Amino acid sequence: MSFNFASDNVAGASRPVLDALVAANGGPMPAYGTDPITLRVVSMLAELFERDIEALLVATGTAANALALAACLDPWGLCLCHEEAHVIDDECGAPEFFAHGAKLLGLPGTGGKLSPETLGQAIDRLPRHEKQMPAQVVSLSQATEAGLVYTPDEIAALAAVAHARGLVVHMDGARFANALVQLGCSPAALTWRAGVDILSFGATKNGCFAAEAVIAFKPDLVRSLRFRRKRSGHTLSKGRLLAAQFDGYLRDDHWLDNARHANAAAARLSAGLAGVAGIRLAWPTQANEVFAILSSGMDAALKAAGTIYHPWSPRSLADGERLGPGEALVRLVCSFAPEPSDVDGVIAAARSAGR
Amino acid sequence: MSFNFASDNVAGASRPVLDALVAANGGPMPAYGTDPITLRVVSMLAELFERDIEALLVATGTAANALALAACLDPWGLCLCHEEAHVIDDECGAPEFFAHGAKLLGLPGTGGKLSPETLGQAIDRLPRHEKQMPAQVVSLSQATEAGLVYTPDEIAALAAVAHARGLVVHMDGARFANALVQLGCSPAALTWRAGVDILSFGATKNGCFAAEAVIAFKPDLVRSLRFRRKRSGHTLSKGRLLAAQFDGYLRDDHWLDNARHANAAAARLSAGLAGVAGIRLAWPTQANEVFAILSSGMDAALKAAGTIYHPWSPRSLADGERLGPGEALVRLVCSFAPEPSDVDGVIAAARSAGR
Amino acid sequence: MSFNFASDNVAGASRPVLDALVAANGGPMPAYGTDPITLRVVSMLAELFERDIEALLVATGTAANALALAACLDPWGLCLCHEEAHVIDDECGAPEFFAHGAKLLGLPGTGGKLSPETLGQAIDRLPRHEKQMPAQVVSLSQATEAGLVYTPDEIAALAAVAHARGLVVHMDGARFANALVQLGCSPAALTWRAGVDILSFGATKNGCFAAEAVIAFKPDLVRSLRFRRKRSGHTLSKGRLLAAQFDGYLRDDHWLDNARHANAAAARLSAGLAGVAGIRLAWPTQANEVFAILSSGMDAALKAAGTIYHPWSPRSLADGERLGPGEALVRLVCSFAPEPSDVDGVIAAARSAGR
Amino acid sequence: MSFNFASDNVAGASRPVLDALVAANGGPMPAYGTDPITLRVVSMLAELFERDIEALLVATGTAANALALAACLDPWGLCLCHEEAHVIDDECGAPEFFAHGAKLLGLPGTGGKLSPETLGQAIDRLPRHEKQMPAQVVSLSQATEAGLVYTPDEIAALAAVAHARGLVVHMDGARFANALVQLGCSPAALTWRAGVDILSFGATKNGCFAAEAVIAFKPDLVRSLRFRRKRSGHTLSKGRLLAAQFDGYLRDDHWLDNARHANAAAARLSAGLAGVAGIRLAWPTQANEVFAILSSGMDAALKAAGTIYHPWSPRSLADGERLGPGEALVRLVCSFAPEPSDVDGVIAAARSAGR
C-alpha cells in the first residue's frame, strides 16, 4: 500500500475530462486548432475572464511558459522571477531557448513569493547600458512553487512596480485553479484586473492529461504567438485533443471542484501533521501542497509506511528558520485524485511515528 | 453530405487507440515518461525494429522531425531534402529553430522523391570552406509528400551516397505505416538495415490523436535528445497520454490494419478516378494519397458534390508534364477512417461530371 | 611576378585610411563608440546621405549584413535574395544565426540581379499560413555578386514590389562605392530615395582594413541594433579603430577616388580581354569585377603567367548562355590598389596566349 | 587637466603595435586569416605556450569569450562563474547568444575570486535531471574583475574540482598579461599546466586596438570554432589587421613590458592612496586596477581635480566589510599608457584633500 504525494502529475485525467475527450473523437474536423471545439473553448475562456482574450492551447506548462515569456522578451531581455520559480529551475532552459538566449534572474523571497520591495530594488539596481540585458518581464507563480498564493492586492502591488519600470507581467498559473478557490475571487480579479499581462493557464496538474493555455490580455503580445507555437512543434494537427480536455475541464465548474478537492486534501493533511512531534510546517498551507520539516526519524517512518514525496530546497525558508541536524524539508502534493482516506493514512502513520 | 479528403488529420483517434487511453487513466504513475506504459511501448518498438533502440515519445510530427534533425546538425550544418519536404515547407522553420539556425536545402525530384544522382551532385557541388555551411544530414520522407514510397533498395542507394560523404540519414516517417504495408517489408528493412540513422515514427496521421516517436539507431545521436525534448516543452509530465496511444496503436498490429485500410481506400479512389474524362493522375498512387490533375469543370463538380480536398503545388510533376489551362493539381488523402462508401461517393460524382 | 585579382580583400588599407588611423591613436578617448571620431563619422554619413540616419560601425560585412537582416526579421521570417547573394552563400549562416533561425530564399536572375517580376511572383506564390514562414525582407546586393549594378529606377521598382507586400528592403552595399561612381548618382538617390530601408555600407573592400556601417533609414529598425551589436561581440571597446578608418575613407571623397580607380582598372581589363580569342565576357563589366569565360588553354596560360583569380559558378549566366567543354567562368576583381601596369600585364598575357 | 583612470580601453594602441600594423599594410595577402602574418602569430603563440595549440584571432574580448564558451557548452549547458564576471555581467548576453540559450550561474567570492569550496558545493547542489541544465563549464577571470590574481595552485585546485565533475575550464584572460607579470610565472604554468582547457587571450586592454585570441588546449574544443567565428561575423577578410597587432604585441616581449608598466602604475597609485585619510583600499592591488573606498568628500575632491574613474559594485567586498554612509567603492584602472606623473597627480590631489 502506498500514498503517492509526489506530485500533482502522478494522476491521470479526471472523469469529466476523459469523457469529453471520448465524446470529441467522432467524425472529421478541420486541423490545426480551427475545429469547433477549440473555438468553443476560447469562447468559454473569454467568458470566464470577462473580456476579449487571445488563447492558444498547448500540451505542457513548459511550452505555455516558454511561449508566453518569448512573446514578451527580446533575445537580450531579462526576466525577473523568484529564484525557485519553475521557469528558472525546472524547464531545462526552455524560456532561454524559446526567447533565443534571454536571461532569467532569480530573486529571493520566503515561500517562493516576491515582494514589491525586492522586485523594485532588483530592477533599479541593474545598470542601464547596452552591455547589460534590460529588464523586460517579471514572472509570478500562482500558486508559488512553495504552495503560497498571491492575493489580488499583492499582485497589483507587484504589477505596479513592474509597469512603472516598463516591464510586462507574466503569471505562471500552473496551479491557478488552486489559488483561485483558495482566494475565492474571480479569474479576472486575479489576473488582468490586478495587472497581469499574459497568463499560463494550467489545466494539466488539476485534472487534464496535457492541456494548458497561453492567455494574452494585451493584443500586442499575441502577434507572434501562433508562429512561435507552430515553429516549436506545439500546434497539434488534431487540435481536438487539447480542446476536448479543456471542454471537460471548464464545463460546469469541474475545474473548480477539482481544485477544491485538492486544496481540501492538503488542508486536511496539513492540519493532521501540524501537531505531530517530529514535524513542523515550513510555512502555511494555502493551496494543494504541504511543506513540512521532518526529523530524520519521521522521514524514515513515513517512507516506511509507503508515503511517496520529494525533498525540497530550503532556499525559501523564512529568515531565521533553518533545518536542524538530520532534518529534511519535504513537499507533499495533493492532486485532484486522492481520497480523504489516503490523507488519513499518512496522518496516521505520522502520528504513530511521532508518539 | 460531404466527403472529407482534406488530410489524414481530420479524423480523431481510432477505437483501439482511444480504448487504450481510457484504460491507462486510472491510478498514480510516475511522471515525465518513467511510467510503465512508456517503458512497455519502448520495448514494443525495439521488438518491432528487431534491435536495441532509443525512442522518445512526443506529441507532434513537427516536434519529432525538429528534434531528430537538431540531434544530427550543428547550428551551422546543412540538411538536404526534397524541395517539397514537410520539414522545409510546412513546419514554420521548426528544424531551423531547434537546430539553432541550421539550414535546409531543397532538391528537385518527381513525386517528391530524391534520386541518388541528384543528392550526390548537390553535395559534391557545395563549396568546402568555412564560409559555407557543411552538409551533415539528408532527410527522406516516407511516404513522400506526393504519396510515393522509397523501396529499401532506393533508400540504401541514397544512404550510400550520404554515408560516403559523412552525412547522417533521417527519415520523416509521418506516413511510415502506409509505406510499410505498401512495400510489404519489415520496419527494420525499411530503416536501419537500409541505412537510416534516425527516424520520425509517425502515428498521429494513422490513428492516434497526437503521438510520434523519435527513434535513434545510432547511440551517439541520442545523447542530446532528452535535454532537447524537455527544453522544447515536449516532455509530457503525464507521459501516459502519449504512451497509451502508442500502446493501442501497436498492439495486435492495429497500426498496420489502419494503414492497409487507408491505402486500400486510396487505391480504390485512384482506380475509380483514373479512367474519368477531365481527370488524370499526376503519378501513381502508392500509399494513402491520390494526386490528380482536374479540369476546371471537374474541380467545380467535385466540390459541388461536397468533396473536400486541397490544391497541390505542381513542382513535383515529372519533366514534360504540366498543367493545362484551367487545370488544377489536387491531393485527396484517405485517413484510416473513411468507409468504401465515402470513396465510392466521390467516384460517382466524378463519373457523373466526366460523362 | 604575379597579378592578384583574386578578391578586393587581398589589399591592405589605402594610405589615407592608414594615416587617419595613425593620427587617431594618441590620447585617451571614451570607449564603446562614444568617442569624438565616431560621432564625427556618423555626422559625415548623415551629410553624405542628406538626412538623419542611425549608423553603427562594425568590423565585417558579414556582421553588418547579419545585424541589418536580424533587425528586420522575426526568427520565423523569410528573406528573399538572389540565389548567389553573399548573405545566402558566403556567410556560413550568419543571418540565420543573428536572426535566430530565420530563412533565406534564393531567387534566380542573370548576373546576380533580381527582377521585379521574379520577386513579386516568388512572394505571391508563398502560402499564407502559420505553417509557412512569412516573407519579411528582400535583400539586394549593390553591386551584385556578379559585378552588375542596379540603377535607382531598378531599385525603386523592386522596392515598390516589396513595400506593397509589407516587406522591408535591405541593401548589401559591400561594393556600394563602386556602384555609386559607375552610376554617377548620389548616395541618397541610390538608397532611401529609391526605397532602401536599411543599408550595409561597405568600406573594407574599397580601402579600409575592416570597417562597415549599418545605416538604418527607418527609425524602428534601429531600436534593437545596439543590443544586437554588443551581444554579438561587435561593439569595439576602442571604437576609434573603426571610426578612424571611416574618417580617412570619407574625407575629401577619398572613397570615391578609390572606387573610380578600381572601376577604371576593371574597365581597362574588360576592354583588353574582350577581343581576345579564347575569352568572352559573361556579362558587361559595370563595377570593379570582370567575369570572363575562358577556354581551357587560356585559363592555363593566364595562370602560368601568374594571374591569380577564382572560378565562379555558372548559375547567373543568361538564359541560352552556357559553358562549352573545358570552358571556365572566372572572376577577376580589381581592388583600389592595382596599377594600370598590373592590368596591362594580364592583358598582354591573354593576347599572347590568344594569338 | 585630467587623469583618466576610467578603463584600460581609453587608450589607443601602443607604439610597437601601431608600427607593426603600418608595416603589414603593403602588398596583396590571402584573405580570411590565411596570410603569412597570421600564421606567424599562431606560431609565436605556440612557442609562448610551449605546446601545440589552436588559436583564432578576433577583434573583441566579448567575441573571444562567447566563442570559447559556446565551443564548450551545449545549448542546455550551465557555465559557472563569479557573479561579477564580465561574461555574466557586461556582455549583454553574448555567451547566451553564441551558445544558443545556455545559462551562466554566478557564484559569490571576495574580490571576484571563486574558491574551490564554493565551486564544488554549487555544482554538487545542482539537481541531476533532464529538467535541469547540467553544469559543463567553469569560467575564471584572470585577473578577476576586481583586479586580483589566481595563482597557478589556486587555478589547479579549481580545475581539479571542475574536472572531477566533468566540467571544462575556461579562462577569461582579458588581463592575462597583468596577472602573468604579477605572478612571474610562464603562460603555460598559468593555463594548461594548471588545468585550463581554453583561454581568451586578451591583447586589446594591454596595448592593441582590438585583438584577442581564443586559444584551445584541448583539440576537441576546436572543431567548431572556425565555423562559429565565421558565422558570428568575426572572421576578418583582411586578417592582417588582427595578426599585425599581435605581431607587434608579442614581439620582443612588448606585451610584458606594457603589463609591467600598467601594474607598476597601479602599485604606485595604490601605495600613494593607501595612507590618505578618507581612502581605504577595498582589497590589495595585484594587477593594474586599484579599488578604493572613498569618503564622499574625497570622492568629490578627486573628481574636482579631474580624476576620471567609475564606481564599482560592493558585492565583492569581504565578509564584514561594508560601505559607510556616503562612502563609494570606486575603480581606478591603469592602462599601459599613463606616465608616473599622471599617477602622482592623483595622489597629490588625494593627499591635498585628505589633509
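Order of writing sets the labels: A, B, C and D. Residues in every chain begin at 1.
Basically, contacts are C-beta pairs under 8 Å (C-beta built on N, C-alpha and C of every residue); 3 or more make two chains touch, one makes a residue touch a chain.
Computed from a predicted structure; not experimentally measured.
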Checklist line | Homomeric contact chain C-chain D: same or different residue positions, threshold half | finding: same
Margin query: Need the most distant chain from chain D, centre defined as the mean of C-alpha atoms.
Written below: B
Note to self: I want to compare two interfaces, B-C and B-D. Which one has more contacting C-beta pairs?
What the structure shows: B-C
Notebook entry, point to check: Between chain B and chain D, what is the separation of their C-alpha centroids in Å?
Noted result: 52
Next item on the list: Could you give the separation in Å between the centres of chain C and chain D, each centre being the mean of its C-alpha atoms?
Entry: 35
Margin query: I'd like the Å distance between the centres of chain B and chain C, where a centre is the mean of that chain's Cα atoms.
Written below: 42
Check: If you look at chain B, which of its residues touch at least two other chains?
Finding: 75-76, 91-93, 97, 100-101, 130-131, 227, 230-231, 235
Next item on the list: Over in the complex, which chain C residues touch chain B? Could you list them?
Entry: 75-76, 89-93, 96-97, 99-103, 130-133
Notebook entry, point to check: Which of the residues in chain A come into contact with chain C in the complex?
Noted result: 32, 74-76, 100-101, 130-131, 134, 224, 226-231, 235
Next item on the list: In the complex, go through chain A and note every residue touching chain B.
Entry: 4, 6-7, 9-13, 18, 21-22, 24-31, 58-64, 66-67, 91-94, 97-98, 204-205, 209-210, 227, 230-238, 240-241, 337
